[in-house]
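Listed below are the structures to be examined.
In the two complexes below, chain A is the common chain; its partner is chain B in one and chain C in the other.
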Partner chain A sequence: MRNRRSGVPAPLLIPASLGVAFLVLPLVGLLVRAPWGTLWSQLTAPGVGEALRLSLVCATAATLISLVLGVPLAWVLARSRARGRSVLRALVTVPLVLPPVVGGVALFLVLGRQGIIGRWLYDVAGITIPFTTPAVVIAETFVAMPFLVITVEGALRAADARFEDVAATLGADRWTTFRRVTLPLVAPGIAAGSVLCWARALGEFGATITFAGNFPGTTQTMPLAVYLALQRDPEAAIVLSLVLMAVSLGTLLLLRDRWLGRAGAGMAA
Partner chain B sequence: MSLAAAVRVRRGALDLDVDLGIADGEVLAVLGPNGAGKSTLLRVVAGLLCPDAGRVAVDGAVWDDPAGGVRVPPHERALGVVFQDALLFPHLSVLDNVAFGLRTRGVRRPVARQAAGRWLARVGLEGLGDRRPDELSGGQAQRAALARALVGDPALLLLDEPLSALDARTRLTVRAELRRHLAEFAGSTVLVTHDPVDAMALADRVVVVEDGGVVQAGTPLEVSRAPRTDYVARLVGLSLLPGTGAGTSVRLDGGGEVAVAEETSGPVFAAVRPESVALYLSRPDGSPRNVWPARLVGATPHGATVRCELAGEVPLVADVTATSFAELGLAPGSEVWASVKASEVTVYAR
Partner chain C sequence: MKRLAVLAAAALLALTGCGASGSAASGSTSSSGGGLSGTLTVFAAASLTDVFGQLGRQLTKDNPGLDVRFNFAGSSGLATQLTQGAPADVFASANTTQMKVVTDAGLQAADPAVFAQNVLEIAVPKGNPGHVTGLADFGNASLTLAVCAPDVPCGAAAKQVFAAAGVQAKPDTEEEDVKAALTKVQLGEVDAALVYATDVQAAGAKVQGIPFPEAEKAVNTYPICVLKAAPNAAAARAFVALVRSADGQAALKAAGFRAPGA
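Here is the complex of A and B:
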């Protein structure tokens, strides 16, 4: 007889194995087909380092902006009793399900030179946003911030709100309570949300190419470079993909030890 | 440092309407079953919940007056609260937990830590300041929570079931310590509890709250000697029989009659202690005036005695020794005769 505790029933085992294969095989393919012989010359080719640096800078900037705007937003969603909160939450999570290209078009309509705000920015301050590095950051923030918001909101809901009551009875106003009690309590959740947000920003493609274009040095991030390389030099595309994969996995593993393990434990507790 | 509170709150099924008055240095216990509104009352006084109507004033300063548009937020009220689960901040050391209330009020860190250290010593946690809260036992955590609540020298101390999360042995020691700290505390204290022993041991006065209203108030002795509701009677281990006095007997509202030693008249309570009820298998000889047939419906061991719940015309609780329980061959369902001396029945006006 099958040991019920360790055995996996066949109707679950087979699809699960197929699922693993489906997720892992493409990555294996990337490794198998990589031009290991010319790897170094490919890596040091002009443009690769530039695209990588731009990707890292923009993804980090997008994560920082998401933290500054997203954590307070998550607090409002989780703690305030304002009416229309469910509508607000739905609006905030729209970028999660919106095709990124559509997001790019929408950003263009608002911040483009003929856009609602963009026109005014150009007339008054002479600022043009589309097709610049700031446009990359804006596009990535638009797409990635909801990941941070919903993660932090979940952490806030899971955190025991009675600690905030205690802080209030100890003379802490709401701002002090937020800084000294709430933030430390949900720090693991914020860390997890930041990693998700950063990883999403790093891989952003659709909104970026629509709103920021594809200019080497200013707006061409790694995903854009990969796509472009695939058209003319598939080997280069594989190398760039490997780099992007290595950076993502490396960051995830690095942060996993420091933060995410604790986040998992904290959420289970 | 006196408290005068009139609190009206309607929340779901709860309709709370309670008036409290506490003098300087006095400890008032709010005793009541779960869901009676005790914690809601405490949250209103702490400022964590807005009352619908009423008024809360401490030392003449108004904290809550919805009609007058006055509402002092919780962090501006000079109070300390100890919750049932100590609720020490998990991200701070024990010392920084105790220092928290001083830091929020602008005391510099070294000074606040020194004061916190002194308080930790006072509650018997000297040298444990560097620990994380999860490294403390339940009793230690509750002591630290008390130190944290008292460190800011509040006018009002609110204790919300401070001992009920502790195991029986720890509860005894922490209760004794708490009694000492409350005696030294100059401000007023409100102790919310469902444990009559806490109320009797710690409070100067007891207010019994049931279904959102005060049903009885008095000193612990008064309340335990002359309970006015079944809930209190059960807590202090008495059978409470409401009736109407006529000479030396009381006609019970539930039917039947109880003979008493003193003359009474009008609506009264007759209270019977379980240890003064005797049980027999057949109607006892002689002519005791209080003899009723009854059926044993429940029996629970209670130290060396067995507490027997009796159903019949006159519902009673009887304590019999384990030996006589066995000798009588009692079991739930047994038909018995219960007898009480008239002199053992306490009577007081309703």
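Here is the complex of A and C:
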């Protein structure tokens, strides 16, 4: 992305402007319809802070888990010569096309107390996962991790593999090469993937409400609170949406300056 | 016995999923005539899914030119959609509160009419693994329990019965609508959920129902009305008439609803 605005050709500028309008106008709609008069009382209503805190904690936890599992997975997809890689890639992207509610049901079938693994956890260890805060993190990770994997895989493919070859010829083993060469090389991609992953986790609704249920303080994240507020009081739902958006935009802008601005000038947000 | 036979017929129909509206609703109907055409859009509470589907098929059978479409969801969500201008011909709500949202906005063509009543029942997975016996068990924190969120009608009703019974409910999840609560029972993920009697009946063999006396404290009435902006007002009136006819009432009864005056 260059900053020479004068250089944007009209065939790009017009659709780009339409694209911005398309994405931003709904936000304007929320701002216009927001009940500014009762904003403060809506904001301080019981449960709002709790839902926001839970959303931020769970989305961040989901992003961290996605990083730990997703970056190695992206490496396998981009670098390994194993057969069946394309099948693996298709499988990894399943959560992207799966309606999140279906994802939630699928999580039940594996981790629910009647599920393949969950049944065992319940009988042997007395652990039930659904309807707990960890269930929220699991649901969000399931839905959001593919965004990170795909982004990092793309960065790995775009990265110049010759750096890694050179490291190898200089005697670095593959793990050292990964840590000291590959990882710094794709850091912008990892940053961009993390942002996408976090944003997706923050907005997650379907898998969460299905697998984790909805209980204030335990599993009710902001999107769930917004949905239920919509059933009762659309104005409250608008306020909650604005809060969620303000916090997520604020966080992303802050990150961009502090972190992405340095590492990923051309990649992210 | 006669009631049992009707139930069995309804269950069979639900299972086979065939287009016929069934013996319970055969014979003359107020909707006959066959002159209706176009598309009829009905916004109806989630708890009406099965029985309205059946009545819709009957209307289509009597009027081959008519295409009946349903939007089944929580009544509150439907009311919001309607006040936001969603195009529909008929609105059937699971309680009077959400119908009032629509009538307060002046969207009705005529005053709503109550066509059915529903009460809450405890739904437990087959075999009742949590050994739930009554409403008091909802105060047991060691059980996994689902109720509807207080924002939706079944949750409002649940709040009323808990208050009436003096039970301090300790649910693990407040579901977004009654079908979501029922799904968790069907999957065996909760020990019990508070749902409508009709949902227990529709769920079949995977779910057992436990009626409880306090349910009488929160009887839900179902109003229906034709909407003022209905693109297909004739078909809308025919559908409302069918719901309120003897055939419609028989189908509702077979699905576990009570008659409006009961």
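As a working rule, the second predicted complex is superposed on the first by the 234 of 269 C-alpha atoms of A that agree within 3 Å, B and C clash if a C-alpha of one lies under 4 Å from a C-alpha of the other, contacts with A are read in each partner's own complex, and residues count from 1 in each chain.
Everything below uses one rule, namely that a residue touches a chain if its C-beta (ideal position, glycine included) is under 8 Å from a C-beta of that chain, and two chains touch if they have at least 3 such contacts.
Predicted model, so just to flag it, every value in this text is computed and none were measured.
Trainee: Please determine whether it is chain B or chain C that touches the greater number of chain A residues.
Mentor: C
Trainee: Mind working out whether A:Thr251 is in touch with chain B, chain C, both or neither, as first, second, both or neither?
Mentor: So A:Thr251 meets neither chain B nor chain C here.
Trainee: Identify the partner contact of A:Leu185: answer first if only chain B is touched, second if only chain C is, both if each is, neither if none is.
Mentor: first
Trainee: Should A:Thr60 be classified as contacting the first partner (chain B), the second (chain C), both, or neither?
Mentor: After superposition on chain A, A:Thr60 lies in contact with neither partner.
Trainee: For A:Ala167, using the defined touch cut-off, is the partner it touches chain B, chain C, both, or neither? Pick first, second, both or neither.
Mentor: In the superposition, A:Ala167 touches chain B alone.
Trainee: First (chain B), second (chain C), both or neither: which does A:Thr176 touch?
Mentor: First partner only, chain B.
Trainee: Does chain B (first) or chain C (second) touch A:Thr93, or do both, or does neither?
Mentor: Neither partner.
Trainee: Going by the contact rule set out above, which residues of chain A touch chain B in the complex?
Mentor: Result: residues 160, 162-163, 165-173, 176-177, 180-181, 184-185, 187 of chain A touch chain B.
Trainee: Which of the residues in chain A come into contact with chain C in the complex?
Mentor: 105, 108-109, 112-114, 128, 130-131, 209-210, 212-216, 219-220, 224, 227-232, 234
Trainee: In the complex of these two chains, what residues of chain C are touching chain A?
Mentor: So the residues of chain C in touch with chain A come to 74, 76-77, 80, 144, 146, 149, 151-152, 171-176, 180, 183-184, 187-190.
Trainee: With touch defined as at the start, can you tell me which chain B residues reach chain A in the complex?
Mentor: 46-48, 73-77, 79-81, 83, 87, 89-92, 100-101, 103-105, 148-149, 152, 158
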